[in-house]
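Next come the structures, one after another.
Here chain A shows up in two complexes: once beside chain B, once beside chain C.
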Partner chain A sequence: MKQNTIALGEKHLEGDYHRILAAGDIWLKDSKTKSIYTAGDIDIENSCIRKIYSAGDLTAKAVTIGLGKVAGDLTLQGICKVDKLIVVGDISAEYLECTCLRNGSNNSKVNNTLHWSGFIKAETFESVAPFLLDLDYEFATMIISGPLVATEEIACTNFYGLDQITAPCINADLIYLLTNDGTEVGELVGSSITIETKFKPDKIFKSIPKTLRYNDLYSDKSLITIEAISSDKVIINSVKANSVSGIDVVIGDLCIVDEVVYQKSIKISDKAVVGRVVKQ
Partner chain B sequence: MLISKKDLLNETGISYGQLYRWKREGLIPEEWFIKQPSFTGQETFFPKAKILKRINAIKELKDQYSLEELAKMLSPEVAERMFTEKDLQVIGEIYDGLIPCFCKVFEKNKFTYVEVLFLTAVSIFYKEHDLQLIDVENICSGLIQYLPEIKQTDYLCLLLEHNGTYFAVIQDEKSTVYMDNRIKHIAKVRLNDISANMKIKYRKRFNFMFDEADEDDKKDNPLQVPSSKGVLA
Partner chain C sequence: MRSEKIEGIGSIRGGEFENIQIEGIGKLKGNAIAQSVSVEGLFKSKGKLETKSLRIEGIHRAFRDIKAKEVRIDGVLKLRRASLLADKIICMGVITCTNEINADELEIRGICSIANLYGDKVKVNYYSEAREKVRGIPTQLSLVMNMYFGRKVSFDHNSIDYVECTSLEASNTTFKTIHAQEVSLKDYCQVEKLYCDGKIDIDPTCSVGKIISNGKVLKDKENNDMANPTLMKILDLYKNNKITADEAEKMLGAISVSQNNNNDTEGQLTWSDDGKLRIVAFLGRKLLKKSAPEASKIEVTLDGDVLNVDSYGSLTCGQVSGNATAGSSITCGDIGGNVTAGSSVRCKNVTGKITAGSGVVIEK
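Right, the complex of A and B next:
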């Protein structure tokens, strides 16, 4: 029968456990464990953990984790897989694969910008804390609800920018931006681009695996600047853009656009200012 | 000669979404998206001959292959590259002190991908089992002739020892080998594991640029990519 264990000082553990409660630092090797709660740092190797809550740093090599909540920094070696992972600190990963990955906790504020490095793959990446996207990644969906800065093109399938975004380019099939003061994006490209002042989750968004709820969010209704927008379907509001190109284009309220190029249909709000309209 | 994005979409009949999805998937190299100033800020242009050829190729093949498979066909794999002595120094798993020994035994300073995987396996044995330099030389000399026959990575590399002498075996993963029990089996590494690790860890480092070769070299085949002229990023 699997045992429970309580570790008060530093402890080296091996084998299978039902639950581990640790006040100090622990080292765990070759283990299948249901849950670990630790106040100190933890070092795990070659193990499968269903649930881990760590208040300190987590160092792991070749591990599989169901749910991980780490308040400290995370250092991963080898191939590590986590179903749901929430990390408040920095990550350094050789290869990390997650279903849902979130930086920062929803109820505790992270002021410093997190720095993650290595290769990280996730079905959904949720960014709650200030974040510098400067790593090798493969994210299918990105839900950004904290300030995000990217130095290179952001590429994913679905991108939801619900906070301040700074990036040279966002390339995604579906791009949704909530207008927020300070958002500066050079180019938006994809299949469907929507920029609104109120975010109401649609069916696609609801079907995406995630760890937080994002119910009716409102922007500060700032005018955001995007240099160029190119997409099959474009619906924008409160945007200042040099050029907007699309197949079906809707230029909504409070937009200032120098040139609009459309293929099939166009709608321009009375409350928008558009320089030149070209049918392709 | 360049073509504007608008003209490209008109001429090929593809959508914005397709164009940028193919860019994301690596089917169209980023270098081909050339920004030029226009009166509305910037406009995107492409090298006309290259992009038209590439898009036509993608359109023809996209129903037969997945985007991922197409990306592999269009983007050079690490497996097709030659690795220089300098490249070996970048690979952390290969012990720097062994590189001169590898060059000496192989009598060259450029290695194929399979050779790099083998050298990595030998480096692991060297580090983890306290081999001597002479053991490494002997192991490499003993297997060097078989390496060109290995065309994929589903192999195991075994380290054996008998009477203080080390030997190595490269064995198909699926085959069963019955070893004389007087020979001591010391260690085993999967070339697939080394390969997976390499591709993850060094994918940026060894990501070769597209279309470095002259256009004339591959006029007949729009999917052909240069392997010998690839440049390490």
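Right, the complex of A and C next:
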């Protein structure tokens, strides 16, 4: 029968456990554990943990975790797999694979910009805290609800930018941007691009696995500047753009566009200023 | 040959004179030729005046053309429907002209208001001290003053409608059109159109509407502002009540931000696209002057040879085929043209002139 253990101070553990409660640094090796609650640094190797709540730095090597909530820096070696991982701190990972990955907590505010490095793969990446995207990553869906700065092109399948985004280019099948002051994006490339002043989760968004619940959001109604937008389906509002091109294009309210190129249909709001309209 | 001297009140019919000297109130009624003319009081010339030397310390009102070799103005020269042709003009007082002033060498260190100015080397610098010269004229009443001088005169800056010259150096002067080979403007000069094929040096305090160099428009302020069709369309939307004032403000804000981003650097570049290697310094988005203290701290080492180079701070490079200029010291190989450095120069052979703030070392 698996046992529970309470560790006070430093402790080395090995084998299977039902629950570990630790107030101090612990080392865990070759273990299958249902849950770990620690207030202190934790070092895990070659283990399978169903749930881990850690208030302290976590160092892991070849681990599989079901749910991880870490308030501290995370150092991962070897192949590490986590189903749902929430980290309030920096990550350094050789290979991390997650279903849902989130930086920051929705309850507490993170003032410093988080910096992650290494390779991280995730089905859904949720960014709540200020974040610098400068790592090797493979995200299917990115839900950005905190300020994000990317030094290079952001590439994913679905991109939801619900806060201030700074990036040279976003390349995704589905791009949704909420017009927030300070957003600076050079180019948007995708199959469906929507830029709105309000965000209402739709069916696609609801079907995406995530760790947070998203309600309707409203922007500060700022006009954002994007140099070029290119997509099959384009719906934009409150955008200043040099060029917009697509098959079906909707230029909404308060848009300033120098040139619009469309193939099938175009709709331009009375409240928009468009320089040149070209049908291909 | 006789001389004429008026110490009280008098008039001169005209003719040939050795000297004409006005110390009181005098009037020239006919054409006169004189070796020298000196005005210390009030002089009104209603005939053509031809002289070798004209010196004005009082007030000279000319209604016919003046031809002189050398003119020095320490008082006031008012040319109404008359022109001044001279080899050299130095004005330390006030000069106004409704026709044209033509001089090989012109230097104004006072106040001027001129309709047309033609010359070779022209220096127009505003000196507010020259206001003292017009103490008797009610300069506060602009209407009276404009009527008196025959054209609009401002005592806060110089104004010249049209200038055509080889080199122009000006400060605190308003121009409508400038045609020059070399232009240097500083201290709040305002120019509507500037045609210059050579070196253009414009202080950031100056405002130039349009710069045309070698047939190309380098800068067109008009097109950047009100001629912007997007801006006009936004204003139309607001006029037609399609957008609110807040929305219009946001849209106008967006275009002004993007224009600033596009023009921040370009608008400050006062040189033409001449292929010269320029090493400059920016503080934030502001292009620093070469003389700025931050710029003098820069040290640049160029690996290899260059054609022409102009650098802020110190410069170290290989051979320079053309001219080399640096705000601080220069260390290089052979220089095919001229060398100008703020401090020392250390080089090998130099074909042209060397101008250095401190020592020059020619290595063998």
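The criterion applied here is as follows: the second predicted complex is superposed on the first by the 280 of 280 C-alpha atoms of A that agree within 3 Å, B and C clash if a C-alpha of one lies under 4 Å from a C-alpha of the other, contacts with A are read in each partner's own complex, and residues count from 1 in each chain.
The criterion applied here is as follows: a contact is a pair of C-beta atoms (placed from the backbone, for glycine too) under 8 Å apart; a residue touches a chain by one contact, two chains touch by 3 or more.
Note that the coordinates shown come from a computational prediction; the quantities given were computed from them, not determined experimentally.
Based on the superposed arrangement, let me know which partner A:Phe119 touches: chain B (first), chain C (second), both, or neither?
First partner only.
Quick one: is A:Val277 in contact with chain B, with chain C, with both, or with neither? Answer first, second, both or neither.
A:Val277 contacts neither chain B nor chain C.
Name the contact category of A:Ile247: first (chain B only), second (chain C only), both, or neither.
Once the two structures are laid over each other on A, A:Ile247 reaches chain B alone.
Thinking of the overlay built on chain A, is A:Asn171 touched by chain B (first), by chain C (second), by both, or by neither?
A:Asn171 sits against chain B, while chain C stays out of touch.
Per the contact definition in the header, classify A:Cys48: touching chain B only (first), chain C only (second), both, or neither.
Neither partner.
Applying the document's definition of touching, compare chain B and chain C: which contacts more of chain A?
B
For A:Gly190, decide between first (touching chain B), second (touching chain C), both and neither.
After superposing on A, A:Gly190 lies in contact with chain B but is clear of chain C.
After superposition on the shared chain, which partner residues are touched by A:Ser222: those of chain B (first), chain C (second), both, or neither?
Touch partner of A:Ser222: chain C, not chain B.
Could you tell me if A:Asp232 is touching chain B, chain C, both of them or neither one (first, second, both, neither)?
Only chain B; A:Asp232 stays clear of chain C.
Enumerate the residues of chain A that count as touching chain B in its complex and touching chain C in the other.
Correct list for chain A: 258.
Which residues of chain B touch chain A once you look at their complex with the stated criterion?
Its residues touching chain A are 5-6, 9-10, 15-17, 20-21, 23-24, 30, 40-44, 196-197, 200-201, 203-204.
Residue numbers of chain A touching chain B in their complex, please.
78-79, 94-95, 119, 136, 153, 155, 171-173, 189-192, 227-228, 230-232, 242-243, 245-247, 258-259, 261, 280
Which stretch or stretches of chain C touch chain A in the complex?
Within the complex, chain C contacts chain A at residues 229-230, 233-234, 237, 242-243, 247, 250-251, 253-255, 257-258.
Enumerate the contact residues on chain A facing chain C in the complex.
221-223, 225, 238, 240, 253-254, 256, 258, 270-271, 273, 275
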